[in-house]
Every structure is written in C-alpha cells, then in structure tokens.
C-alpha cells in the first residue's frame, strides 16, 4: 500500500452559520479516482476549495504526504492542480495566450505542446480567436487543456463536465482513468453520474461525511 | 485498478523561478490592458478633467494657479489612481484567473507585486508623463514642473501599492468602489502632503533633497510591506467568496 | 510676397518657430489621420477577402474537431 | 421623398455614393486648403498688432470651426439614430467622433501656441479655449462610452443619447464659460475676436475653411466605408464587392 498523497483528519467546515461537514476523514491514494458526492449545497465545492487551500475557514488536519500541509505550501501547490467553476481564462486573450499564462507559473512549455493540447480538447482552428468570441463550452475546454499537460500528481476538478458535450465527457472519463493508471490521484465533483471502475466516493450531506 | 493503488508519482520539487513567474504575470496584464486601449486613456482624461475643474471652480488668475497648481495636480493624480484601482483585481476575480494566481507555487506577495507594478506602469506612469502639459496649464514654471514630476514619479507607485491593499480587501464586496476610497484615502494623505510640500519648498528655493529622500522612504516602505498585506487580503477575500 | 527673402519667411520676425510648429503639428495630425483611416480601410477589405476565401474553401461549417483528450507527450516538444 | 430618405439609410447605396464623391472631396480639399495656407502664410500682409504670429489663424479657426460643427453633425445623426433607428446614422457618429476629437485637440494646440507670443504664456484660461477644452472632454466621453459597450445596437443608442445630451449642454457651457470669463478677467484681447480683417486676410481663411471641410468629407466617407465593411462583412453585397476586387 503506498503512502496517501492527501489525508484529511476530522475536517470541519462551517459556512454562514451552517455546518457543511463535520469530522470528515479520508485519504486520497495515488492512482485512484475519487468522486465527492452530495446534494446541492452540501459543501462539495467548499470541500474542494478547502483541499486546494483557497478556503482557510476550516478546522481539523490536512496532511500532504504524511506531513501537515501548512508547512509545505510551495511543494503542495506545485503538485496540485485545481480547476474551479470559473474557467480561469481572460476573455480578451486568445486560448494560446491564456494557456501559456496558466502554465507559465508551473512548467515551461513550448508553444507546440500548448497548441497540441488545445487541439486535443477540440479547439483546433480556434487557438488565435479571442476567448470572448468563444462559447462557454469552448472556454471551458481551454481550461481543460491544462489536464493534457499537467504533471501534478493530485488533481482537484470541480464540476469538470459542465458545458461539455457527451462525446467530450466520455473522452474526459477515459483521460481520468488513464491518469489514475499513471499513478495520479483525481478528486472530482460532478452532477453527471460518473461510474468509473474502482472509483472511491466521499459522500457529503449525510449526518457526517464518510468514505465508503 | 487493483485494491491497493499503484506507487504514486514522485512529487515534483522543481517549480518555475519567482522572477519568471512575475515576468509572465506582468506580461499578461500588460497584454490584456493593450487589448482594450480605451481603458488606459480613461484615467488620463479624468486627470485632465479634474485639473480643469479648479480654475473654473475657483479662479483662473495666474497668481492663484501658480501657488496651488502643484496641489491641484497631486489631488487629481491621486483621484485618477484611485479610480483605476477598481479593476486591478476585480476582472481577474470575476473570470477565475485570481484563483489560479493564488494557487501558483511562487510566493503570492511577489506575484501581487508584479501585478501592482503592471498597474502602475499602465496608469501611474502615463500620469507622470502628462503632468508637464497640465503644469503649463496652471502656470507652473519649469523648475516646479520638474520637481512635481519627480515627486509624482516617486509618489504614484506608493499610491498603487497602498491602493492594491484596498482593492484586495474590498474584492467581491457590494459597494467596492466607494469602500475602496474610504479605506485608502486616509492612507494617501502623507504621500500627498510630502508631494505638494516638496514642490512648495522648491518654489521658495529651499533645498528639496530631504523631502525627496523621505518620499523615497515611503516608496521603499510600500514596496516591502504592501505586497504582503495585499496577498493576505487576497487570501481573505477569496476564502469567503 | 509679404517677405523679401526666404530666410525672412522662415524667421517671420521671431514668430517663425511658433507658426511653423503649429503648421507642422497640424499637417502631421491631419495627414496621419487620413493615411491611418485609409490604411485601416484597406486592412478591413483584406480581412473581408480573407474571411470570404477561407469560408469558401472549408465548405460548410468547420469540421467538428474530434476532442480526443489524450495527454500530450511533452518530452518530444 | 420618404422613399429617398429610406434609400439613404441603406449602407450599400451609401457605399456607392461615397465612392463617387471621395475623389472630389480629396482633391478639392487638398487644393483649396493648400491654396489657403500658402496664401495666408506667404502672401497675406503682416498684422499691425500681432505681427506674423496671427498667421496661425489660418489653421486655428478652420480646426475650431469644424470641430464644433462636427459635434453638431453628430448630434443630428444621433437624433436620426434614435428616432428613425437608421443604422447609417450610427455609422456616421462612430466614424467621425475621433476626427472631431483630433480637430478639437488641434485647435487647442494651435490656440495655446498662438497665445505664447501674444500673452507670453502657453495657456490662457480664455473663454473660447476653455469651451474648446470642455468640447474635447465631450468627445472623449462619447468615444469612451462607444468603446466600452460591446453590443453594437445598444452602443449606438447609448452614444446617441450622450451626444444629444452633450449638444444641449454646448450653449449652456458656452454661456457660463463666457460669464465666468468676464467675472475673472478684464476684457483682454479675445483670441478669436476677428478684428475687421482686410480682404487679403479673410479670403485665404475662407479657402482653408472650405478646404478643411472637403477633407473632412473625404475622411468621413472613408471611415464610414470601413465601419460599414466591418459591420456588413457577412452580407452578400460585401462578398460580391470584395470578390469583384473593387475598392
């Protein structure tokens, strides 16, 4: 059994006087796909933002490779990729410029690789069109192009399938499986009923979060 | 996938250097700003309009304008910077780019410093370049205009840096614009006093080295402390959004 | 001719610099505006032509690019 | 008459007309303006009061005069946009606003430089120059609003409303600035108080004003053609026009 990448111990988070989850414990193992489930407002997005480090209104412990995460900010951030609800792209820039800016802080890549990633997500021919003129689905694909380039072992993907057509969803599912096979850990929230073989689940919204 | 997961990927330790990341943040902000050049001109137009109000409102007499010209230009520059602070973080906050910025491995205060320098280059610097023309319009003589531009050159970065803290704090709040002004204007007062004071001293022929050195001290203080405060403020704003 | 020599015409009894800077700025801005507008007009014409030719060649809508979502092997780039 | 009015509204029809008038505007304008300036610079006699610096009048007055009439043209076009919803009128407003801005800037610049030999300072808060400065702000505001709105239709109507509000304010601004001017300054030499000009002074002035108007006509046509091409690039007539290789 290899060592868990990310471990949560007795996580508790309150938002606007509402207890989202309490003594929630789980560990994210490398090479697994985990889905965070729960009805609307059960704190799925908040949990992902807590794990990513965007939201620091929580209590409990979070361990990265066995060590408390707080002490290893740079190592943790370098090894974690977070895709939130908002695509994280500038409407005035073109997909290529956006992708270059997003990857610039993480790993130096040639334009050739960026263009291939954009083509991989179905944006062939749109690389130099300002994102303002692209549809919501296409803007989302610019953000998803990072998945084809990312070398981070831990992926936190919030609502990864929104605005993606059926054929795209299928392709992304196989991508997540392939990533897990490579040894990466993927944490996903989605309303689309994701059924992947050997998928772990974290269910929120029950009396207390538990892992089954 | 068997029950126990495969050996994990070796965590990566090499991240892009801070300088490169800062350069890329700076380049992206400048590129975005030049895609919408009109937004760059608006603070300048506002600057000229505010300066024009004083002669109309008070009096166009040369004596009055010569004596209070520096003060007029400084207040106008301060208000223009304040006006343009609003979209320092707000556009990135709306389209999710700010989240990705906070999650970059490099220290956040350096990235915030890069963004603030980009903001200064796009708004503060043009104000300094336009100041001489307006200096002529308020009948300032050559020497005062030179000193005025020097104080603006040192002062506007301080305005941008302190303003960045305010912009980060009021991110995502309801009436962010007004709140930003209420928070920041008191902090601008020392810079304003020394900015105009330097020009007044120069007008009377007194040596200005002391004043300029003090403004330099403000700049160094702002350069070192403001990014930390702005980074912390960003984290707070993002965490309760 | 209101001036007796070319140099007098240039100097204009001391007012020359003012007059000539005004005329220079006037000509520069007016010519710049006219040439700029003409060039932008030609650029838009070219863009229309390119757009039409491009549209003509890829008959019908742009072929739906198959999104394979396969990872990019960065080592060979 | 009504049918003619609506025909005027069709960009395709205007495109043809513009192509026919542009050469006349261009060459007529260049010749008249050239003649006016050369005459004014070299042949017109020296002014007894100001010496040669008054020769700046041959570019200051046409620019100032045209800058104000361009705003009035924009106002009438704005009215047409709002009342009859005619797209061409908005194309006109959008095309000539920057031209008006540059003309106002030119008149301000030349007025300021002219003020130096006359009053010894680069800028004087003279009633005319101050109203010109406020006109510059009005133009700046119109262009800023137009660039800020992405959607074409709403931009057209918003700009039209702003221009109309601006034009209503122009007389008010003019009157208040004049009153403010007399309040603070004893009646100094009013910059553009045209002293009774002898014939060989106002004829070149008339020529350069006419010349500048014709050049403005050319500028308006070419900028409107550009605007029409960007808006109508998907229409059939633009496709035919481009493929036929005509300008």
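Just so it is clear, A, B, C and D label the chains in written order, and each chain counts residues from 1 on its own.
To be clear about the criterion, contacts are C-beta pairs under 8 Å (C-beta built on N, C-alpha and C of every residue); 3 or more make two chains touch, one makes a residue touch a chain.
This is a predicted model, so every value here is computed, not measured.
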Computed distance of Cα centres, chain D from chain C, in Å: 21
Intercentroid distance (Cα basis), chain D paired with chain B, Å: 36
Distance from chain C to chain A - Cα centre to Cα centre, in angstrom: 45
Between chain A and chain B, centroid-to-centroid distance (C-alpha), Å: 34
Per-residue multi-chain contacts in chain D, two or more chains: none
Residues of chain A touching at least two other chains: 107, 151
Residues of chain C engaged with two or more neighbouring chains: none
Topology of the chain contact graph, where touching chains are joined (line, ring, star, complete, other): ring
Every chain pair meeting the contact rule: A-B, A-C, B-D, C-D
Parts of chain B lying in touch with chain A, wherever the complex brings them together: 1, 4-9, 11-16, 20-21, 24-25, 28, 31-32, 35-36, 91-92, 94-97, 99-100, 102-106, 111, 235, 238-240
Chain B-facing residues of chain A, complex: 1-3, 5, 29-32, 49, 52-57, 65, 73-75, 77-80, 82, 84-93, 97, 100-102, 104-108, 130, 151-153, 180-185, 197-198
Residue ranges of chain D in contact with chain B within the complex: 121-123, 125, 130, 133-134, 137, 140-141, 143-144, 147-148, 177, 180-181, 184-185
Sites on chain D touched by chain C in the complex: 37, 41-46, 51-53, 55-56, 59-60, 63, 98-99, 102, 105-106, 109-110, 113-114, 116-117, 215, 218-219, 222-223, 225-226, 229-230, 233, 238-239, 242-243, 247
Complex interface listing, chain B residues touching chain D: 36, 38, 41-42, 45, 48-49, 52, 55-56, 59-62, 136-137, 139
